[in-house]
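A short worksheet on the structure shown next.
Labels run A, B, C, D, E and F following the written order; every chain starts at residue 1.
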Amino acid sequence: MTADRGLFIGRFQPFHHGHLEAVKRLAQQHDELIVGIGSANVSHTAANPFTAGERLEMISAALRDARVANALLVPIPDVGRNAIWVAHVTSLVPRFALVHTNNPLAARLFGEAGHKVAPVPFTDREHYEGTRIRAAIAANDPAWRERVPKAVADLIAHLDGPARLRDLARAASETIVEGSG
Amino acid sequence: MTADRGLFIGRFQPFHHGHLEAVKRLAQQHDELIVGIGSANVSHTAANPFTAGERLEMISAALRDARVANALLVPIPDVGRNAIWVAHVTSLVPRFALVHTNNPLAARLFGEAGHKVAPVPFTDREHYEGTRIRAAIAANDPAWRERVPKAVADLIAHLDGPARLRDLARAASETIVEGSG
Amino acid sequence: MTADRGLFIGRFQPFHHGHLEAVKRLAQQHDELIVGIGSANVSHTAANPFTAGERLEMISAALRDARVANALLVPIPDVGRNAIWVAHVTSLVPRFALVHTNNPLAARLFGEAGHKVAPVPFTDREHYEGTRIRAAIAANDPAWRERVPKAVADLIAHLDGPARLRDLARAASETIVEGSG
Amino acid sequence: MTADRGLFIGRFQPFHHGHLEAVKRLAQQHDELIVGIGSANVSHTAANPFTAGERLEMISAALRDARVANALLVPIPDVGRNAIWVAHVTSLVPRFALVHTNNPLAARLFGEAGHKVAPVPFTDREHYEGTRIRAAIAANDPAWRERVPKAVADLIAHLDGPARLRDLARAASETIVEGSG
Amino acid sequence: MTADRGLFIGRFQPFHHGHLEAVKRLAQQHDELIVGIGSANVSHTAANPFTAGERLEMISAALRDARVANALLVPIPDVGRNAIWVAHVTSLVPRFALVHTNNPLAARLFGEAGHKVAPVPFTDREHYEGTRIRAAIAANDPAWRERVPKAVADLIAHLDGPARLRDLARAASETIVEGSG
Amino acid sequence: MTADRGLFIGRFQPFHHGHLEAVKRLAQQHDELIVGIGSANVSHTAANPFTAGERLEMISAALRDARVANALLVPIPDVGRNAIWVAHVTSLVPRFALVHTNNPLAARLFGEAGHKVAPVPFTDREHYEGTRIRAAIAANDPAWRERVPKAVADLIAHLDGPARLRDLARAASETIVEGSG
């Protein structure tokens, strides 16, 4: 009864074509792919503009359009302490057989805890895409719409994303608001 | 592009037929039903024996078997402060039009925050069922298997649930382990 | 330049005539009286129905009506750890010379930290009054209006207080909402 | 019975003449001005040298000297999560009709939550003044005394502020002490 | 180079002869015995009167007098979440081969995480002794001095323990101070 | 009965000869030396690679080899708020008469709380050694083995320390893992 599951964690700020291609590929390798939405507690910063709920809505719509039916989306809040991060993640998701990550710290933490770890294709490229896509959205450069699935683009537009990202870029820092003067 | 979504939050310790019937009915009333798995941070207590990941795995399997295809499962950790609970929940889930709850506090908090609230059928009965089902599992009374969907029963058996619940019942309190002497 | 200040901490759920009399008396004994609104993070429970902001609004109006001009209101969130509670409080309020409390734990903690402690008149009576006044509000017993200053009664009515307290009394426990099923 | 209130949040490290002028002006526009003392939990860093209690004492004295009688001071601790910050703030302060802020993130968060937002005069200049005043205090440059109200200057001197700011500037980082070697 | 270590966790409120006998016996079974001082963040409650530092001082002195030289004392704060408790503990203590506990929840959590678990002699009796010893201290019943090692008795007397326990017993609840009115 | 104790807090990432010499010297000045292992909750970052448990194991072995018998090791988690840091530390350790630190912030916080503070010899040099030693370990430069006590070197090797430090150096930032894409 134990399905073969893979785990893939990202921040998806926003979910773009690089992520979608990785999810499609990984979903074919497993009975079920758990897609962890990392830093679920973080939003409204220049590097993390969207809430977990908004990202869940984006990814859910994009996977429906792409007919990926065996992905399970799970928001994962930060726990603030590396030594217990793996126990935190495993308490929030179904059992899994393999972790896909290119992040050296995530790979090390899962590895030290005894999990099998495999790479994700193209993650480095994706990392830069995330930063560039956010910059393009903030700059109102229409090119950003082509970098993300249509459902994601529509939701970002609906949420008035470009204005939000511009405000966040203008805010002095990416941390929590801590008083304005 | 805004789907009509409903939100239904429960602890699902475990997910039983009463929950399943409610989810089926509510899922028919909405384009999509968000099923919030409450107290996602709590596990291994007599009243909350299963982790969020275990509950996610149970519910996901039961809904697949019941061919409920428009439910979105979202673990929701406790935030420990009623005045910000609604903001916490709404940051973790997609936008929704209606909250289904029979809990007077949940109804009040969502109502004060301006959300529309409607009842869930049979929740009182469900509440008592949860307590009775946990007692039956701990007592090894085979009747519990009929109270939950087959996939849930199989997973609980696989997790050695009866032994876990017996241990938790023996533990002096339902709070966190705080030293043993 | 160091004023003689006294510190008086209560939860004020709600602020009633017993509290008002104590504040008036203590305010006469000091250049300035710091009124700490304890458990500022707790609200929407049967024992703690009102937010810190609502209590601040109540007390501020009641003291204005009573022409108490030398009280400084300060919300004090719980810190969850007795050994650091005094350091927490002293970091949030101006310097003070004397703490007024009848609570044996508060008196001990301030005393162990080297502060001078004096009693508050009538606190035991006040304690029971708080519980009785909340019960009267929930029961729609009009007597509660006479137990609190007029500005407090008006604000509670404006906030639909009786309905809120009834909902909270019906909620199974006084803890945070943790899922409804 | 609902007074027209405005909300103005700052860190006030320290409270200077720019802040005082803004408070005076805003207090004239409202029945009552709520002055939120942001990052109330932060102190003893180069950018945030004073505790919430010390800032409360400074501002309270300065407003008394300036005969501003309709301001309500409220310490507001950081909550560490932008998506719930507005719910956090509104639970701590009385109801308000208008938020005054020049911080783009604060403006966005209050705006997304449905609050009316208006600018504060001179905040940009004030921002730089805060940094420069702290540098002047640390450098023992007597000019700093003219930049802050007399009561603030007296309290900073009484607290041995120049020595504290020098120590904080020498400390390697502005975060919490995390061991000394 | 890996020593054989055992782990024994207790709250030790206070450390009594039952604890001492268990530590002596377990210390003989291992190269080194890790003694975890549980609920290190809790103090000044009727059930947990002493701080972690006070308990560390007690136990350290008692073990020195008893010539137990291979015990390592480690305060362990509560983490508030059963699913990550074992990861939390293992991050705070040296590697160990065997956990000694009679607490069914602790045994289950360590067991589910793959650790070997063995019983502690006499723990049930010890549990009741803890409660009775605290009652005796609060009641000024001189019998308590015989129930604890001499160094513990001396420190409790030095700390004015009987008065502290009386105050804590009088305090309405064992939770944190939350305002006195 | 009150021993003369000194308190020395460091992060000890890792514990090197500079630390060992300081501990030896300070241990001679006091009946007992409390060695606080700071940032006990932080691990698996480039600047803080080792867990508190690993550091405890290192230091314990090194002090045994160096025949320092009067040191008491205490892990001290960060508390995230400077104004309560001293109360936090003092609740976790036995009473002490003198704090040894060269950190200007730690010295100020202990001083403002009324503690006597004295310098530690060579701490500046030690600070740079910590950074250099971690770099040497990550680079597989064998020189690092000479900079730390033999027991520390053996444990770091056993833990596969060079590989861990390389992974941590490659990870984009030193903060918690927050999703990999």
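Throughout what follows, contacts are C-beta pairs under 8 Å (C-beta built on N, C-alpha and C of every residue); 3 or more make two chains touch, one makes a residue touch a chain.
Worth saying up front: this structure is predicted, and the values here are computed from it rather than measured.
Chemist: If each step moves to a chain the current one touches, what is the fewest number of steps from chain A to chain C?
Modeler: Shortest path length, in steps: 2.
Chemist: Report same or different for the chain A and chain D interface, where same means the shared residue numbers exceed half of all residue numbers found there.
Modeler: Because under half of the interface numbers appear in both copies, chain D and chain A meet with different residues.
Chemist: Go ahead and note the Å separation of the Cα centroids belonging to chain A and chain B.
Modeler: Using C-alpha averages as centres, the distance is 25 Å.
Chemist: Express in whole angstrom the distance between the two chain centres, defined as the mean CA positions of chain C and chain E.
Modeler: 35
Chemist: How many Å are there between the centre of chain B and the centre of chain D, using C-alpha atoms for each centre?
Modeler: The computed centroid separation for chain B versus chain D comes out at 43 Å.
Chemist: I need the residues of chain D touching at least two other chains; which ones are they?
Modeler: In chain D, residues 42-43, 51, 79, 81, 83, 91 touch at least two other chains, as defined above.
Chemist: Going by the touch rule stated at the top, which chains touch which?
Modeler: Taking the chains two at a time, the touching pairs are A-B, A-D, A-E, A-F, B-C, B-D, B-E, C-D, C-E, C-F, D-F, E-F.
Chemist: Provide the residue numbers of chain F that touch chain C in the complex, in ascending order.
Modeler: 79, 81, 83-84, 86-88, 91
Chemist: Residue numbers of chain A touching chain D in their complex, please.
Modeler: Result: residues 41-45, 51, 164, 167-168, 170-172, 176-181 of chain A touch chain D.
Chemist: Under the stated contact criterion, what part of chain A meets chain B in this complex?
Modeler: 1-2, 40, 43, 51-54, 56-57, 60, 72-75, 77, 90-95, 154-155, 158
Chemist: Under the touch definition given earlier, write down the residues of chain F that touch chain D in their complex.
Modeler: Chain F reaches chain D through residues 9-12, 18-19, 22, 36-39, 42, 76, 78-83, 85, 101-109, 120, 123, 126-127, 130.
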